[in-house]
């Protein structure tokens, strides 16, 4: 359906352009940058969970790996182009290996969740225990709990002395998010994407149709990790420090919340959820009346209870009630219920 | 020789603590297919309940074994009525909601008690084994874990409630067919599970410095132990706690505590890779 | 805690009133002091008292007529124990709020997350926390104790008290612990002793049974335990529970920073040897008056700890330099600070070390006694010798690194 | 001699101490239609699953068009051109009828061809009016029909159907019979079925399973009139 994709491209370009123009008038670009980065991270989980049915409790592992890969590579190489590429490749390869191990072992649902969680915990513990001087990769000290500060940040490709930071860095991130969004759109429109949705809906049927479910899930998992890795590298550039907290359970769970609040099975939901909640957290930090953790927790509980499909599907639902058809392959309550039953077996 | 004994006690202690940590989660997961991610916070609140009670002059054992389970059980009851019962059958949603609850409770406890470390001291003195001194409280923890396993087993085997519970574990519609309201069963189960979490938190209270975020240290271990144990409640808990406890202690003694923790996690990954349904999904099928 | 905050709000009605003035008037008039601390989340036990101390100092200054005839306005952000928020709020403070000085940061990682932002935006930065040392940057002033300041005082004394030569070190597994362990080794060897074992523990390890057995196998004469946080407190508890406390003496460079000694019972805590620049139990007139002022503002001073007092010193040190320079411009204030300004307060004298921008402080050797710290001996004006070994801002004013101090 | 498309040699499946399939030797020739019948627990479903790759037999071998496929994964078997429909409807509930069939077609054809094939199949099965509805909203009979459609759209040379008529209305069964006959023009078909009426209407040769083994294999009329088979169905000792 090339016609519809072309329309997608135009809409995305237009919306991105408008947002890039308007948003900096409302929120500082420095904060906006991280909202964009979180949006990309949310999208990475939204892709594999919402469209591939893979509930990964450790998406942040790839985010952290991307950030660390970038930091370590940048220190050793001294410029940013190759480190950026590595920061995408390393998490992707890691996810491909991990995914192959899980999917070829026919792990599903909760068990998949446990493995991804445990792998994230291992990385977290490992990164935390690298304070000693023996943990060095090339010129880069791993730094343990304190992380790695002071690596070269993004520069214009081929010109290591011209750094991209401040407002230009925001534009770079925003454009990259738009590009990733388009790539995800294209992927979902492609046969691969449609088969992925089919696998999410019914693995057995997909394999009875002749699709190699294990391989396809592994590839999708790796794609998600690549996007998370890119987000991680962008984050490293933004924060100018990487710490093991990137691998923490809290960070991991936050990504899941973004997806739930924004809406699963949509491309926009996780981005909106991520940016919205991260901004909320930022705003909450400026008050001191109620404990912020309490508010975050309450939001999550209320969403699960009263708006389990998330904001974007709810809005789309309102829209669709008056116009047009249902969109392709929305994850549904029934689907999650089946997930529960399967865990029974 | 003395060292060997000390190591043995430490291993048993490690296994016992995993059993205690996992028990509440296992009951709720085994019977209701609900993964309570606020489990760690339930333990944390059990600890706070104990400390508060002790400070109010309650005997420490009463505080640990009676007050804490009751308080946390009641909190669990409220949580079940307000949140969980709307989400039965939706595994992922319950996980997310309980995760939200865990944050909520951390915030709440911080607002009430503040974020300073609190604690009480161990009620049992240490004693000597040859040249070594061991923490006498270790034995209490080991005994508590054994008592807990036997207790759960007895309830399930011999009582009417246990029979209904076993039925509900096999098939959730079975109990309904027998004329028991599943709603009631779930309520009771969640109460028991929460009470067990509270008990575990209470038992650990004299060993640790308690802060509102203490729960985070437990939940991952509990989650891993329960899932790796598989569907059978007692056998699953015992076998996975056994494997993980022993593995982590061996590496802790041989190398370092970090490696011990990492070894536990690696063991979990390998175990689930070989036995995707958990240990008792593979062996001991259908037992308790 | 909530109650305390309300009292505090009532007590500072003047400031609240000021906040209601039109923004333009305020911006032109008040000096802006930025604060960036974790007042919620897992590090708030450290952050909350620091925030209170900072406001106490500012209120005192404002009450005394302000600085250079202008009031000081606090612009504060709660980083919720989230590293990413440090970067965000640092940008906010320097770009949007355009504050004149920033105090804050708790963990070393949080300091490193904002230090470069402060430097780039030419905003003077005070880091008021005990840390691993080695930061060399003309834009930052650190007044917390560094490992050598503590270890140099603590180790020889503890060895003498223990009456033996063999030391076992149990340290938190992060930069501070790693570096401290190396300093301990150095000072143990200088004192003619020997380190028979060193173990590192991630911050979330709470089970020390195996370790206690291991320590017994090595049979040291003294255990030095720079362990950090709630989980690590379990060590002191389990150590006492296994009956080891009366067999092998304990020393620590960290126990008590978050008032951990108040949580341990006398049976568990008594006799543990520590070395700090401040303790609530210092019996000086300054400390008594400080605690009174704290009580007046917030009520109960039990949450008070060294980091809060350092923060208090940090604000006053800055204020003194501003007054001396007659300006709030960064370069003028820095120059004034580099004259070696010193401030007297509840912990004795804090003097800025011009060469490193660290602090020369009094170190008190103390023993835990019934929830209190009993001062055994006070060593006055100990310079930050570790940072001095690597950092000379007089010679290299453009230096901008955190040195890993080679021992 | 017509080519043998499916053959099992001494296929045995044990679950613990239970022998669910016992030494089954089975042969199916191209464009043959074969029904597997037997009482509950006779082993016909186990046999079916072993052939379809959903279970791996404990012993014995499976050959398809002369290639050994023992222990293959379902997707490998399906990729050879074998259409499989399992007992419970296995469809993608949140996708539309068209998407379901398109996904099956796409496995064997490029996009444009798949679009055409899927459209054709929708029309052939008279699913046009509901082509855009999601499967989750359809009635049982319609779902069964869609599943048959996604089996057929891959142009299989061997079709394995597990209880295709279960729970369907008479009208639906009739339509189903038509589709199966049409499929049978190009493909060999194995049907596991309970419904005797349906079998009588469709089958020529029938294989009867009992206690994991093949009890008899003959023309449907002779099987139906066989005393042993009757006894087996009525639960008497054979």
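Letters are used for the chains, namely A, B, C and D, taken in the order the chains are written, and counting of residues starts over at 1 for each.
Here, contacts are C-beta pairs under 8 Å (C-beta built on N, C-alpha and C of every residue); 3 or more make two chains touch, one makes a residue touch a chain.
If you want to know which protein each chain is, UniProt gives these names: A, B = Branched-chain amino acid ABC transporter permease; C = ABC transporter substrate-binding protein; D = ABC transporter ATP-binding protein.
What you are looking at is a predicted structure, and each value in this text was computed from that prediction instead of being measured.
Student: Provide the labels of all chains in contact with chain B and in contact with chain C.
Tutor: Output, common partners of chain B and chain C: A.
Student: Considering only mean CA positions as chain centres, point out the chain farthest from chain D.
Tutor: For chain D, the chain whose C-alpha mean is farthest off is C.
Student: Which chain has its Cα centroid closest to the overall Cα centroid?
Tutor: That would be A.
Student: If you average the CA atoms of chain C and of chain D, how many Å lie between those two points?
Tutor: 74
Student: Chain A to chain C: how many Å between their CA centres?
Tutor: Here the centre of chain C sits 37 Å away from the centre of chain A.
Student: Distance from the CA centroid of chain B to that of chain D, rounded to the nearest Å?
Tutor: Chain centroid spacing, chain B to chain D, equals 48 Å.
Student: Return the distance between the CA-based centres of chain A and chain B, expressed in whole Å.
Tutor: The computed centroid separation for chain A versus chain B comes out at 32 Å.
Student: Can you list every residue of chain A that touches 2 or more other chains, as numbers and ranges?
Tutor: 125, 129, 291-293
Student: Got the chain D residues that touch at least 2 other chains?
Tutor: Within chain D, no residue contacts more than one other chain.
Student: Mark out which residues of chain C touch at least two other chains, giving numbers and ranges.
Tutor: Touching at least two other chains: 40-41, 173, 200, 202.
Student: Just spell out which pairs of chains touch, all of them.
Tutor: A-B, A-C, A-D, B-C
Student: If you look only at chain A, which of its residues touch chain B in the complex?
Tutor: Contact set of chain A toward chain B: 55, 101-102, 105-111, 114-115, 117-119, 121-122, 125-126, 129, 249, 253, 256-257, 260, 290-301, 303-305, 308, 333, 336-337, 339-341, 343-344.
Student: Please give the residue numbers of chain A that touch chain D in the complex, ascending.
Tutor: Of all residues in chain A, those touching chain D are 191, 194-195, 197-198, 201-202, 204-213, 325-326, 328-332, 334-335.
Student: In the complex, go through chain C and note every residue touching chain A.
Tutor: Interface residues on chain C, with respect to chain A: 5, 39-41, 77-80, 82-85, 87-89, 91-92, 95-96, 107-109, 112-113, 115-117, 173-175, 177-178, 200, 202-203, 401-402, 404.
Student: Which residues of chain A touch chain C in their complex?
Tutor: Per the stated touch rule, the residues are 28, 30-31, 34, 125, 128-129, 131-133, 141, 143-147, 149-150, 235, 238-241, 243, 245, 281-282, 284-288, 291-293.
Student: Touching chain A in the complex: which residues of chain B?
Tutor: Listed in rising order, the residues of chain B that touch chain A are 33, 35, 83, 86-87, 89-93, 96-97, 99-108, 110-111, 172, 216, 220, 223-224, 227-228, 258, 261-262, 265-266, 268-269, 272-273, 276-278.
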